[in-house]
Amino acid sequence: MKMLVALIKPFKLEDVKQALFEIGCSGLTVTEVRGVGRQKGHTELYRGAEYQVDFLPKMKIELALPDETLERALEVVSAAAHTGNIGDGKIFVLPLEHCVRIRTGETDKDAL
Amino acid sequence: MEAQDLQQLTFALDTFYLLVCGALVMWMAAGFSMLEAGLVRAKNTTEILTKNIALYSIACITYLAIGYKVMYPDPSPAYAADANFFFQVVFVATAMSIVSGAVAERMKLMSFLVFCVVLSAFIYPVQGLWTWGGGMIANWGFVDFAGSSIVHLTGASAALAAVILLGPRSGKYLSDGSINALPGSNMPLAALGTFILWFGWFGFNGGSQLALGSVDDANAIARAMVNTNTSAAAGTIAALLFTKLLWKKADLTMILNGALAGLVAITAQPVTPEPWQASVFGFVAGLIVVLSIIALDKLHIDDPVGAISVHGVVGIFGTLVVPITDSSASFMIQLAGVATIFGWVFACSFIIWTILKLTVGIRVTKEQEYVGLDQVDCGVEAYPEFTSQK
Amino acid sequence: MEAQDLQQLTFALDTFYLLVCGALVMWMAAGFSMLEAGLVRAKNTTEILTKNIALYSIACITYLAIGYKVMYPDPSPAYAADANFFFQVVFVATAMSIVSGAVAERMKLMSFLVFCVVLSAFIYPVQGLWTWGGGMIANWGFVDFAGSSIVHLTGASAALAAVILLGPRSGKYLSDGSINALPGSNMPLAALGTFILWFGWFGFNGGSQLALGSVDDANAIARAMVNTNTSAAAGTIAALLFTKLLWKKADLTMILNGALAGLVAITAQPVTPEPWQASVFGFVAGLIVVLSIIALDKLHIDDPVGAISVHGVVGIFGTLVVPITDSSASFMIQLAGVATIFGWVFACSFIIWTILKLTVGIRVTKEQEYVGLDQVDCGVEAYPEFTSQK
Amino acid sequence: MEAQDLQQLTFALDTFYLLVCGALVMWMAAGFSMLEAGLVRAKNTTEILTKNIALYSIACITYLAIGYKVMYPDPSPAYAADANFFFQVVFVATAMSIVSGAVAERMKLMSFLVFCVVLSAFIYPVQGLWTWGGGMIANWGFVDFAGSSIVHLTGASAALAAVILLGPRSGKYLSDGSINALPGSNMPLAALGTFILWFGWFGFNGGSQLALGSVDDANAIARAMVNTNTSAAAGTIAALLFTKLLWKKADLTMILNGALAGLVAITAQPVTPEPWQASVFGFVAGLIVVLSIIALDKLHIDDPVGAISVHGVVGIFGTLVVPITDSSASFMIQLAGVATIFGWVFACSFIIWTILKLTVGIRVTKEQEYVGLDQVDCGVEAYPEFTSQK
Amino acid sequence: MKMLVALIKPFKLEDVKQALFEIGCSGLTVTEVRGVGRQKGHTELYRGAEYQVDFLPKMKIELALPDETLERALEVVSAAAHTGNIGDGKIFVLPLEHCVRIRTGETDKDAL
Amino acid sequence: MKMLVALIKPFKLEDVKQALFEIGCSGLTVTEVRGVGRQKGHTELYRGAEYQVDFLPKMKIELALPDETLERALEVVSAAAHTGNIGDGKIFVLPLEHCVRIRTGETDKDAL
């Protein structure tokens, strides 16, 4: 199993979710995060003092999935989150050793 | 000597009365600000606050410099001349405040403020001259005690012209024609704004008798205030019951619109109705406003705060029901008055907005709309520590 | 002719005075709304705002249709009859507002509003008839100038009956008997609400002289306003010092309650005390309210905003200390009046709440309480963009 | 008999007028609270609310017990004595409110409140005795109608002394000398506060005529109110245009300061200017305040809300321009008055603050400043459910 | 070492924390997240327009722990977070390679 | 590749970011989290009722990086986030299998 972690532009969240559900994912978790990277922040101004806002709002999607779905998931997330502009984000894949569904006690692939 | 002292006292009392009422109407500017700040998304909040305090200020200075002279070429009140101006100037600001909510979340701040100058200097005063200024519409026998049409419909007509030219907020109407909710960010502010408006309206309607120092005037003012309160209460209840029946939920923002609808409806004639009649007018207004908001949404006319329905549709309703309780008014004349005011204000506004659109532009870019007007026009967030990205 | 003009002017001045004071009392509805919205958790904020604007509206319409006639079968004021009604109607709304805070975060909206009808049509007006209406309690010689008991204790008694039948919010008292804090979500709103109430109280107490046009009346009103302000200030300071000594912290919400306690305490008789006496009454009230809130919490009577302590306990205190400065009052009669009002209102309310509990129910389910009344009764969050799950 | 009745009525009208205006000035306390609560960071919000309601209360009680007698050894108004006290007491609270904003986010609550006692009992009343009390500065011919210097500069001078001794908030000025923005947490509150102050200012300036019952008085009051409104509007526009030109952004907090600057500037003499002159004074005040805030920041005098600029710098400006429209005033005497008031208040304040600094201390620790005053002094967060760590 | 990531219902947080501390955990990190899965969201209504709130509030607990504690931790989290209703959440286990305590510079098991 | 996860005191965020950028990192993601551990919380007081706030605000930094930079990154984060007081936080290192830059489709090291 893998843990897919995607950092995307916030307004792409709905599209990405849709795309993942279409290929059969049934659950995911989202966190509001802030990112720095190549995308430039912007300057705000308060009472004459300028200040730089480097950290830009991003959405982090965490999705546990069986190995065989990974390829497809990477594809659809990449496609759905793509705008072509800097700051589109990244997808990371981490190994996932074990999984439990709390309600039923099912484990691993049954629990996804 | 006695008689003269008495006259002085009457002069003083009338002046004071007008000043108190005028101050209450000024306070309505805070009400519009809070209402609108509560009903927009967090990212547009600083901008709408800026817009509101700026429009009030610009309306005041422009009306002082130009508008007042256009509307009242020769005012001669039986009380302090400045009190008269004071009471009049806050009304034009009210009219302009109505526009600001309807165009929220997508209009360029500076274009809006330019329009504000034109409305205060020219569009509003000209129709004001025809009505309260004693001009043609007044001569027909048109009755609009405190301005259901003269103030509220005027604001709403200018707003309608703007909204048509401006288009809806992006994301409001989806490609399949369905309506997407863009919830307001701060309900307590919206409720506070409504309460402020309700409170300030006692000055708006109570002050429009323009004289206090006799038993008849005092009775008229007292009746105006009771009816104002009653109509607002009935409008609130109507919207509460209606939304509860319709959707099984007591929809707060609709209920607030219901209260305001009650206030607008009674404004054309708060003195002649019995209180029970005021409650009927208010109740019907509360139903109308909910229906009108739904209908405009169906027509994809995007008005984030419901200003066109509250002040326009209900303003017309309020003006047209005057003859029911006021025998000096006639339905046809009321209709003619409404049509003239709407026609004038809508046409002028449409032209001005069009000129602005073709020159400096009236709408921010899609990208700017996405990041929010606060960042674009004001450079500072309204709640820098606690908003999240939505 | 002169004399008649003078009479007219007096009539006008009295009317205007009552209207201004009445408008200020109406404004207190905003104060209660903001105070309560600040002291509940975010998930119940939209509902409490809805409740507040709805209760005000319902109280106004019900009192117009029924309550006023019950309370004053034959009013004949020396000023505009409508002004008299206007000043009276806003008082019943105040009484009802008191209930709303105490039952916050767990009561069904619609059951609450049904009770509101009964209180405004019947419970409040009947005791009002006995007192201000010139009935039996008035005949004993009971003194309650602006309503420490007639308005505030009435509200608190109805609230107490409700809270007993309703039970505490889940999670407020833990199984080991300890008290769990459920902090209010928005302190600036709570402070704003208190300031609004303080400001509005000048109308509440200042208006209760009911006549302005003579030197004596004017002096009485001025004294009432100074004492109102002084007592509130002293209550604030008392709660500040007391919480600072007790807990080493200046507990803002207690301090706000202290200010309100000062206001309630002086309401029974704001005219006869010297200002220094008003400051003593207010100071003691500020201490009482803190102790009372702690005590009720120990008794597991859950009152999220402290309404029972502020308006009930301190209302009684205020009524009982009247004889200290007002020689026309006697302690025993004050006590009898308090007991009668409390008994009547508590008993009636208990019956009505019980009927509601047994029929439609008064409490939301545990699940609904967990997700919050906003979602359950109103369908919309108060701060959709910035609350987090707590 | 007639004449006497007429006198009674005049007495009553004057009293009522003073009471209404006084209540409006009391309401300004809410304005300062909201303005300051909006301009501090979330973690210091509960504390600043506590400070504001406490300072108002302490100022009221102290002035009642001591200050009023110092300032007016022998008041004999032509209206209710209590009305006179009422109108005066709310002014000292205003002066003290000014201090509170400037020292926000780093001062110990209790030290601040001790200073409040001294200012209300002694520092303010003594200069008040010299001016409105009919003392030496008044005898020179100094004109300060409603207190540009007597109230506003007084508050600002005490604030300046405090800020110098207190130092800037940590993190405000970086080691390289650059200025770091510490954005206020809640823009709608800041805007609301400004609107409340604007509204309340009608009482502040309108009431300072101190008599209403003649044509001349009524005209003067009406003029004062028009000019107050006009000057504030012009100040708003000036700050809007100026910040837009300077930074391409409409800086809301600067615009709010511009409005307040317009109000302060006209306060010294709102009666003699023509409205157009009031708009010029307000406009210039709006420019001055922006420049002054920038300049103080360059000097590393950290005033989170701009109180020293708004009330001090513009207070001086307002006092000095009186002779332009009021022939009874002279520039040199105005200057002498300003200098005396500033010297007295600054010197006394500096001494008191120094004593406090050397004894109980005036500044919280760096660690406490980091976690926020809410936790340190009040034990409760302002927005427990929705702030994030910043 | 393992990184245990649990997604639970927010009101179970205190219980889960308690349970973990009882078996000897001395630290953990919590994030407010929003999840989609089998649990249905609810409908909100704003001015007549209905909208679906799919993302439900969940709490994410992250807990680094030595291999030998894993079994026990999975048990107590499952037990404490269990309500039996849909939406109880999931537990994921990821491999953890290395750990540093910033204050002391201790590493790996000593740093937990 | 590795995924470095650091939990630090919020006011150290700027320093840590600076330090990481100096050694050549070009992006990272930050989440506001709350932590329990050895650092004690504080007591708040509301209307006379005391309550314990156990969860303290922390910042979580997530940083994907190539193996060779890991050592250096651990050092600079440790140094920049260090105050010496309890609660300074932890750094965790997880294996990272795969990475995609959404904008360009680059993968793995090219995508960082």
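By letter and in written order, the chains are A, B, C, D, E and F; residue numbering begins at 1 in each of them.
The rule is simple: contacts are C-beta pairs under 8 Å (C-beta built on N, C-alpha and C of every residue); 3 or more make two chains touch, one makes a residue touch a chain.
Values in this document were obtained by computation on a predicted structure and should not be read as measured data.
For the pairs C-E and A-F, the count of C-beta pairs in contact is higher at A-F. Centroid to centroid, with C-alpha atoms defining each point, subunit C and subunit F lie 51 Å apart. Per-chain Cα centroids separate subunit D from subunit F by 45 Å. Averaged C-alpha coordinates put the centre of subunit B at 32 Å from the centre of subunit D. Counting partner chains per residue, subunit A has residues 31-32, 44-46, 94-95 touching two or more of them. Shown for subunit D are the residues in touch with two or more other chains, namely 2, 6, 9, 13, 20, 183-184, 186, 192, 247, 249, 251, 253, 379-381, 383, 386, 388, 390. Chains touching one another, given as pairs, are A-B, A-D, A-E, A-F, B-C, B-D, B-E, C-D, C-E, C-F, D-F, E-F.
Taken in their complex, subunit C has these residues touching subunit E: 370-371, 375, 379-381, 388-390. Here subunit E touches subunit F in the complex through residues 3, 17, 26-31, 62, 64, 94-103, 105, 111, going by the rule given at the top.
By the touch criterion given at the top, residues 179-184, 246-247, 249, 251, 253-254, 290, 293-294, 297, 306 of subunit C touch subunit F in their complex. By the touch criterion stated above, subunit A contacts subunit D in their complex at residues 44-51. Touching subunit C in their complex are the following residues of subunit D: 2, 5-6, 8-9, 11-13, 15-16, 18-20, 22-23, 26-27, 29-30, 33-34, 37-38, 45-47, 49-50, 52-54, 56-58, 60-61, 64-65, 79-83, 85-86, 89, 109-110, 186, 189, 192, 377-386.
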